[in-house]
Amino acid sequence: MADLKVKIGSLVLKNPVMVASGTFGYGEEYSPYIDLNILGAIITKGISLHPIDGNPPPRIWETPSGMLNSIGLQNVGAKAFIKEKLSYLKSFDTKIIVNIFGTTVKEYAKVAERLFATQGVDAIELNISCPNVKKGGMIFGIDPKSTKKVVSAVRKVCGLPLIAKLSPNVTDITEFARIAEGEGADAISLINTLLGLAVDVETRKPRLATITGGLSGPAIKPIALRMIWQVAKAVKVPIIGMGGICSTEDALEFILAGATAIAVGTANFFNPNTASEIIKGINSYMTEKGIGDIKELIGGMYA
Amino acid sequence: MADLKVKIGSLVLKNPVMVASGTFGYGEEYSPYIDLNILGAIITKGISLHPIDGNPPPRIWETPSGMLNSIGLQNVGAKAFIKEKLSYLKSFDTKIIVNIFGTTVKEYAKVAERLFATQGVDAIELNISCPNVKKGGMIFGIDPKSTKKVVSAVRKVCGLPLIAKLSPNVTDITEFARIAEGEGADAISLINTLLGLAVDVETRKPRLATITGGLSGPAIKPIALRMIWQVAKAVKVPIIGMGGICSTEDALEFILAGATAIAVGTANFFNPNTASEIIKGINSYMTEKGIGDIKELIGGMYA
Amino acid sequence: MDSKQFISTIKTHTEVSPDYFLLSMELPSEVKRPKPGQFFMIKVGRNNDPLLRRPLSIHRLISADTVQILYRVRGKGTRVLSKRVLGERLDILGPLGKGFEIPSQINEAILVAGGVGIAPLFPLAEELKRAGKSIKLFIGGKNREDILCEDDFRSLGLEIYISTEDGSYGKGGLVTDILEDYIQTPDSRLQTQMYACGPKLMLKVVSEIARFYSLPCYVSLEERMACGIGACLGCAVKTRVQSSELRVKGKNSRLRTPDSRLYRLVCKDGPVFNAEEIDWDG
Amino acid sequence: MDSKQFISTIKTHTEVSPDYFLLSMELPSEVKRPKPGQFFMIKVGRNNDPLLRRPLSIHRLISADTVQILYRVRGKGTRVLSKRVLGERLDILGPLGKGFEIPSQINEAILVAGGVGIAPLFPLAEELKRAGKSIKLFIGGKNREDILCEDDFRSLGLEIYISTEDGSYGKGGLVTDILEDYIQTPDSRLQTQMYACGPKLMLKVVSEIARFYSLPCYVSLEERMACGIGACLGCAVKTRVQSSELRVKGKNSRLRTPDSRLYRLVCKDGPVFNAEEIDWDG
């Protein structure tokens, strides 16, 4: 067996394969289909201080090799998450990364603080890139000053490994990665969804009640890969790559482009076994090529 | 027959269906497959003052519902274009929009001037958004100041309808649209390709010799539609919409989101008849819905 | 959760009416027998386009190891499915969702189907029959070709009322009209449970009728789904009861308890809901 | 241009060796009879994934209205094609490209095939035969299963030399080794034209051999294609002759005439090129 261990800040993962926030619920939904113990980490659905209803339906539309969503960060809130969801998740042999979100810098800091005080949270992923909420989310991720503020505020109150999740809806992703690194983020996650639109030509209405939504899935993979490659050259902290990963080959592309770990997102919906297939697949690839340690592959693209 | 006429600046098109620059050669390549006379306009492959070799191969890679290209604006140069290509195109009953490009503001102005002095050019599309050349292209389209300079310089020397073609690789597309409008562009084309990457995990090399390339095709349609919708609210000049259009439904989505005309790009490669199908399809849709004039549909999304 | 991901081989696949297909497929023994109203998430194609699975109801368990799906070609996904042939293998998740319940106290069931909404009502009728309930079935469609499975239901021996919008079969008009005509006859109202499946607009009217005549009514809803298992939160439907409760408690919806949810999930909390729960304008 | 977009029905489709498929399909009468070395752009699937057509060579005209394609499953596109069944219809552009030329002065043709590179050489052999030329065929592959069509070529009565890398069939080693062994025999060099199709590395070595022994050589190249008709400029291949000419004329490549192109298009200027034209390291 090849050595698949990677480090995200001080956090050691037994393998670099995670599941992305919002695409794996709180883990339990997928437990009938995949053994949660095999995963490098589970990144949970974005959590805010208080419960959020989310956006009105329709919230989903399929596009060519992709999907638009406008869930709007519906979640049970920090309290219920800790009580009900986290206690379930803790029973598995995997790391728990909690994706958090607020409408103000203060709220971000509060929920981070709260989770830092909680047993069983292994790292925090800071979602400053959700395009589906009016306040907060992406607003923080497409303005350098806000990015700086929120990362810095959370860093101050939270001793856990801190991952900043960036928005791809920007001209220069490296600018934001550098800021996050500068403010003390231990890692960078990218990419979140791209802002998109679809129209029903029969009703003349947008396909989503919120008009626009976030585009994810294989369609965005080339954009995600490009951004990972750019960011890998710009920062020293590890990158968690995501955006359309469906197969071992996809995962390896991300790692070769510079990702230390990867997360399976939309693919969970149509193939709950994706992460498991990828873990096996990376192992076979490495065995076949005689590569002993996954670190030899990270950023290993010849360019 | 419904009235499909639309205006781009002073230019009247018999229908809003064009073919996008770089995806239809100089027209002649497609003449065995589609009657060029039915098209609203043909936008020719980007032309520079002098011939350009383009980038080394491989230049193309297919991605899920999309493709990456790094042609690098290979073209025969203004002189040969006018002598050989334009004279052929002029024989058809369609409008000819010439897509131009330079490595400096001066070069942009020179080629625009040259074409303005040439019989048979109906409009100029200013490509400030090609991601596949080191100098020029996208550099001009992702920096507000450069956009301003180049549109203004070309506007001064060129009395033809002027269309600015914007890059989607920016945080706020409306900023660039407003600048182009402010400098006198008669219309806005969007979107050009999104910067992407793909990696061959067997050879560890990027799939394209230039490492990154431009992503086009159905995969990017939701992003294109979103940008058209945003720009339609921000400017008064007409928009030419493109990005993954393959069918009548796709074309209608763009028009409802705010495009006055649309261009078929990558779809030409796999279905040379796309533009023809769309012209017929828009007609049937309008007849079915009892819509007499296409202008009733432009920006007609209920949002 | 008793749902599984499994591979099933297509046994028969026929177009039973223009654009309506009946598909029989293997139900491996390790998969739980589905209940009426439950559904499968089916990967219709082999590639990334279409990307997501499509939800389709269980139509009939024709033997211990064979299950049927009845579907209508609506868009890309169902079109791709309709091209899959005998012997091909489908990747499926299921059975999923909460099915129809049969309250023990009822003695009459009124089933209302619009178009392909008939699909999940057949196994329900079978179960109601087994439970000894009297069953009335109302089927509506645009035209004759939308009226499906009539013979199958007849062989169960239930009363059938049919309407078509163009009058080409049964009574002319909407199914909700013939339904209301029936319900107005007084003695039919006692110990009755209504069940409806069809287009949202029809379900809304059926719900109003049920409410007006104070009849309990289950509706099977549709919403766009990505995961089918409660993970993506994509298939939200607005609930009425919750939402009014909340408004009383306080305007700041963000201070509510997790239980008082404004939205429910069609895939997990449904697809069958009590009609009263649904905010039909939401 | 005599190329057309047309629909063709699959007549037979069989796996002739592991991962190698032979597909016969209708050639409508309005479509021009293809020449050896020409190709079709075939839409392999029905949806957006795979998106682009795939270039495949004409392998055999088995009757006036039937043409064959011989292909190897390499990735997604060819895999999807391999699932298409009898009676299904394919959307095709073609015939495309410049085929093989047969110089009238030659009396011997040496054909070199690597793997599925054999595909376009069969119709070429037929035409050479008709023109009365003597033909030697060299086929190479990784193993026995890569050696295709041997019997078909035998029935044309030509001399065949086979090599496999693992030695499981014919001579062990590379096809370029057995080729060079043959060419070294002096009397074989006169009035000979070489033709080669296969992996780029093989073509490069064949070209070097041809150059060393001063034999004219045609190679059929592959490059990723989007349009297949010269519109996208995607299938560029670097040329040698042009590029050296240019360096003499002036360093600024942008001042060159359009004729002195550094790149040629495989789809339009090829796929068959004179081996001398190609910059094998470009």
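Should a chain be cited, it is by its letter among A, B, C and D, assigned in written order, with residues numbered from 1 in that chain.
The definition used in the following text is that contacts are C-beta pairs under 8 Å (C-beta built on N, C-alpha and C of every residue); 3 or more make two chains touch, one makes a residue touch a chain.
Worth saying up front: this structure is predicted, and the values here are computed from it rather than measured.
A.B. asks: Write down the chain pair with more C-beta contact pairs when A-C is set against B-C.
C.D. replies: Answer by contact count: A-C.
A.B. asks: Among all chains, whose Cα centre is located farthest from the one for chain B?
C.D. replies: It is C whose centre lies farthest from that of chain B.
A.B. asks: If you average the CA atoms of chain A and of chain B, how far apart do the two points sit, in angstrom?
C.D. replies: 34
A.B. asks: If you average the Cα atoms of chain A and of chain C to get two centres, how far apart are those centres in Å?
C.D. replies: Roughly 35 Å separates the two chain centres.
A.B. asks: Using mean CA coordinates as chain centres, what's the gap between chain A and chain D in Å?
C.D. replies: Result: the chain centres lie 46 Å from each other.
A.B. asks: Give the residues of chain C touching no fewer than two other chains, as numbers and ranges.
C.D. replies: 48-50 - these are the residues of chain C that touch more than one other chain.
A.B. asks: Give the residues of chain B touching no fewer than two other chains, as numbers and ranges.
C.D. replies: 64-66, 217-218
A.B. asks: Touch graph across the chains, line, ring, star, complete or other?
C.D. replies: complete
A.B. asks: Looking at the complex, which residues from chain C come into contact with chain B?
C.D. replies: For this pair, the touching residues of chain C are 48-49.
A.B. asks: Under the stated contact criterion, what part of chain C meets chain D in this complex?
C.D. replies: Per the stated touch rule, the residues are 45-50, 76, 80, 83, 85.
A.B. asks: How about chain B: which of its residues touch chain C in the complex?
C.D. replies: 64-65, 218
A.B. asks: Enumerate the contact residues on chain D facing chain B in the complex.
C.D. replies: 1-5, 43, 48-53, 77, 91, 93, 223-227, 229-238, 253-258, 261-263, 282
A.B. asks: Please output the residues of chain A touching chain C within their complex, sorted ascending.
C.D. replies: 22-25, 29-33, 45, 50-62, 64-67, 69, 71, 74, 76-77, 80, 84, 217-218, 246, 266, 268-273
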